[in-house]
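Two complexes follow with chain A in common, the first pairing it with chain B and the second with chain C.
Let's look at the complex of A and B:
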């Protein structure tokens, strides 16, 4: 059922959503807009389309504890050290980031299941928000994502002076129950919401990158794309900073490291990047010797290897963060253009 | 703390104890590992791997060199080549280790390999994963036809498990034929001298055999070439790959060759299937 709330009462909504659970939403954090925990003083910025990082962090955090150890002489003890589990809501997730959770689910929830990720997925409720002002770095539509009708447990729209709230899943309905008294029925406004969706889709259709074609990017093209002579030219200016992988909502490569706290050893996992030289370095050598191979790996994975293993699903959602953040202005859209069919040229 | 108090995840190891250490070569030692109350830490199939770690030092993937038919202990033959392996080489009997696994697929000992003439080809530390299969095949000897083992190393001092090879694999009259070779002539060595791929070619094996290869990547490539020159089809050849790994379950993203993860889809690959994979290993 569609509900609505005057945007003047958003503060009350956030307060209610934060009762008994954490609420994360886009905040002004030192001049940048990124997801953060809500407090009554927080500067909420739902007007900003792209947060610096995606909502990935709440399900697959940049670092998390796996287990701890104590070593004494020849003996080792293994100590439970998972981060505490708590229910939470992520509010204001855009369609691209909402879809990225499907991509991450494919990795972490396939057998054998990653219990850390699974717990966060179970504890988290995703409240997504339609993109009223898609930007020219956006290209979600080429991956079949509808910025006007994102997925999520609850989908919201800001239209005029109202926040529209549409519950979509059991989790979403349970969340709605806790805030329902703030809302009024909006079932009579469906044509208004539909018109707003149409406006968003119209903007998306005119975005420059949304005309890219993914034709030819599938598992059957693996060797042909891998062997393309274009990789060396495309990767030439790549500095291997890994920014693209850190801002990416679907990058999921991780490292496992030990940290000596002085009171024991904490084993944690943290994001890693295929763009780094030591990612595949072994005592006997490195199968990806130069940035050409590392660069190729990142894009082959997103556009060929991942779909080959996941029923054609690409490991990119077109959020455009890498387009905006790459220091040398190289990004996946340029790779799609260079290696794709002629229609892209 | 007892393992049962820890919420399990495949990334969380259990404890093992080093109960014996054998020096095989100047840079290879074989470590015997038991569960805390004896026996093996977990069951496995030949060719599978385990993650061994010393907390605070590091964690790495090693092939399990003991056969699953050995229920008393597990063994790992480990070459000293990095910070973790140096630490392992310096440890003493009684040291506890963190261990998780088993990971990856196995050589198809219960399927395609049954009833076949088997040809094992190993170089240096590459014997470690094949030793598990060889001892499995010797245990269930009637299930397989002839067995040939070609094993080579840089020198006679670099042959891993030479005591077991001499005392248990050679001269048992069970149709297991061992062909040893070293790279260069050496005093005290009256066996064959040749690189493994050349030796394989000179032995002129009939193409009725199924080959299992492990060794340095360059050796694998040249042995495969030698076998093809003898008339072998790639579908008759299996190998086992090794790349850097962190998770062991196809999620951390670094051991892929094309769309295949060595830890999950391998480490054992039939060579004809590897044609779909790009040359990045």
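Let's look at the complex of A and C:
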């Protein structure tokens, strides 16, 4: 059922959503907008389409404690310090980020199930938001994502002076029960919401990157794409930083490290990046010795290997963060153009 | 800027044709006006894609480390500020001067796409640089900005429009010049804080760091063959740490390592996806070096020693830290 709330009452809604659980939403921190925990003083920025990092952080954090060890004399004690059991809501998730969870589910919920991720998925409620003003860096539609009707436990729209709230799943309905008294019935406004959706789709259809074709990017093209002579040219300016992988909502590679605290060991996992020289380092060295090979790996994974292993699902959602943030403006859309079909040129 | 680009294309074409250079290092046009990518060009025809505009900020000097290891001579386009880093790389014998041909390109100040986004620009379709103005056509209407309001930080505090190294210049007469501000003003403000305030300031700024290493990798002075942070046995591997203070140390260590060498090119702050003002750490070192050893600008020339690699009997003693009120 569609509900609505006056924009002026958003503060009350956040207050209510944050009762008994964490509420994460886009916040202004020193001029930069990123998801963060809500407090009454927090500067909420729902007007900013793209947060710097995605909502992935709450399901697969950049660093996560696994276990700690403490040594006293000859005894070693093992200390459980995982914190994946907290209930939370992440609010204002755009369609691209909402879809990225499907990609991550494929990785972390298949056998063997990642118990950290699973716990966070079970404890987290996703409140998504339609994109009122898509940007030129967006290309979600080529992956079949509808910016006007994102997935999520609850889907919201800001139209005029109202927030529209549409529960979609059992989790979403349970969340709605806790805030329902703030809302009024909006079932009469369905044409208004539909019109807004139409406007969003119209803008998306005019975005330059949304006309890219993915034709030819599938498992059957593995050898052809892998052996393309274009990789060296595409990667020649890559500085080998991890920006694209860390702002990416679907990149899921991680490393496990021990941090020596001086009086014990904290074992944690942290995001890794295929762009780094020590990625998948083995006794004999990195299997991908040059930046060309590392660069190729990232895009082959997203556009060829992942769909080949996951029923055609690409591990890119077209959020465009890498497009906006790469220090030298090289990104997946330029790769798709260079290696794809003629129509893209 | 379009004049400069035309001069660049024509000279690069001639030099390639003559065989004076084997390849050309410049910027290639992207999907949008604001996203040129550093690129090598090895044929005259490919130069059609060579662009130079207010978003050609990515510095090309560092690419010469690898490029000059290859056969042949590379033509490189350097903006005035890029020549400082070029000289520094020559000074440290990272780049072979004989294998380079430098065309110094005129600069009208580089523009900051992040500043434009913060000012609400979205849905960009095209841009035009018209003298001192920037006109942006977007899906949500046209917008006009004065260049001076949307310059990159490194350009707002520009060191000057003189090229410190070049074989020839591509600088038209009528390039836009702008008023620059004092690059140490913000450092002085930070110095005016109490140590507690300053600690809180940096903890806040650095808390946004995602350890992407873009600052290090773009830095023309960070040119170690193997960075300590890339050595898994160092215990300080280049990934996010479980401890946030350890994380912050990455930037402190890097600032120390580039002290006396940093040319203040500002690439670290430009490439930071989190907009952390990393240049302020380096500028603090530059300001102190100037105060302790006399004015010094890294990369101004290839010759001579730098203050931290030269010993003079009059050099300050470590006790200066206490004298200035430090711990």
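Heads up, the rule we're going with is that the second predicted complex is superposed on the first by the 333 of 345 C-alpha atoms of A that agree within 3 Å, B and C clash if a C-alpha of one lies under 4 Å from a C-alpha of the other, contacts with A are read in each partner's own complex, and residues count from 1 in each chain.
Criterion: a contact is a pair of C-beta atoms (placed from the backbone, for glycine too) under 8 Å apart; a residue touches a chain by one contact, two chains touch by 3 or more.
All of these numbers come straight from a predicted model, not from anything done at the bench.
Peer 1: Evaluate whether chain B and chain C can sit on chain A together after superposition, giving fit or clash.
Peer 2: Overlaying the two structures gives chain B and chain C room side by side.
Peer 1: Would you check which partner chain A:53 touches, where first means chain B only, second means chain C only, and both and neither mean what they say?
Peer 2: Only chain C is touched by A:53; chain B is not.
Peer 1: Please work out whether A:272 is in contact with chain B alone, chain C alone, both, or neither, and reply first, second, both or neither.
Peer 2: both
Peer 1: A:255 in the overlay: touching chain B, chain C, both, or neither? Say first, second, both or neither.
Peer 2: both
Peer 1: For A:301, using the defined touch cut-off, is the partner it touches chain B, chain C, both, or neither? Pick first, second, both or neither.
Peer 2: Only chain B; A:301 stays clear of chain C.
Peer 1: Could you say whether A:63 touches chain B, chain C, both of them, or neither, answering first, second, both or neither?
Peer 2: A:63: touches chain C, not chain B.
Peer 1: Once chain A of both complexes is superposed, is A:287 in touch with chain B (first), chain C (second), both, or neither?
Peer 2: first
Peer 1: For the superposed three-chain arrangement, provide the angle chain B-chain A-chain C between C-alpha centres, rounded in steps of 10 degrees.
Peer 2: With chain A as the vertex, chain B and chain C sit 90 degrees apart.
Peer 1: Which holds for A:263: it touches chain B only (first), chain C only (second), both, or neither?
Peer 2: Neither partner.
Peer 1: Quick check on the superposed pair: does A:226 touch chain B, chain C, both, or neither? Answer first, second, both or neither.
Peer 2: The answer is first: A:226 touches chain B but not chain C.
Peer 1: Does chain B (first) or chain C (second) touch A:136, or do both, or does neither?
Peer 2: Touch status of A:136: second partner only.
Peer 1: How far apart, in whole Å, are the nearest Cα atoms of chain B and chain C in the superposition?
Peer 2: 7
Peer 1: After overlaying the two complexes on chain A, where does the chain B footprint on chain A coincide with the chain C footprint?
Peer 2: Looking at chain A, the two contact sets intersect at 255, 260, 272, 281.
Peer 1: Mind pulling up the chain A residues that touch chain C in the complex?
Peer 2: 29-32, 34, 49, 52-53, 62-63, 65, 133-136, 203, 206-209, 233, 236-237, 239-243, 245-247, 255, 257, 259-261, 266, 268, 270-273, 276-278, 281, 323-325, 327-330, 333-334, 337
Peer 1: Okay, in this complex, where on chain A does chain B touch?
Peer 2: Contacts found on chain A: 66-67, 69, 71, 74-80, 82, 107-108, 112, 114-116, 219, 222-223, 226-227, 252-256, 258, 260, 265, 267, 269, 272, 274, 279-284, 287-288, 293, 297, 300-301, 304-305, 308-309.
Peer 1: Show which residues of chain C lie in contact with chain A when the two form their complex.
Peer 2: 30-32, 34-40, 58, 63, 113, 117-118, 122-125, 138-140, 204-205, 208, 210-214, 216-218, 230-232, 235, 237-243, 246, 270-271, 273-275
Peer 1: Applying the document's contact rule, which stretches of chain B touch chain A when the two form their complex?
Peer 2: So the residues of chain B touching chain A come out as 1, 3, 5-15, 53-59, 81-82, 85, 91-92, 94-98, 216, 242-244, 246-247, 249, 251-259, 276, 278, 280-281.
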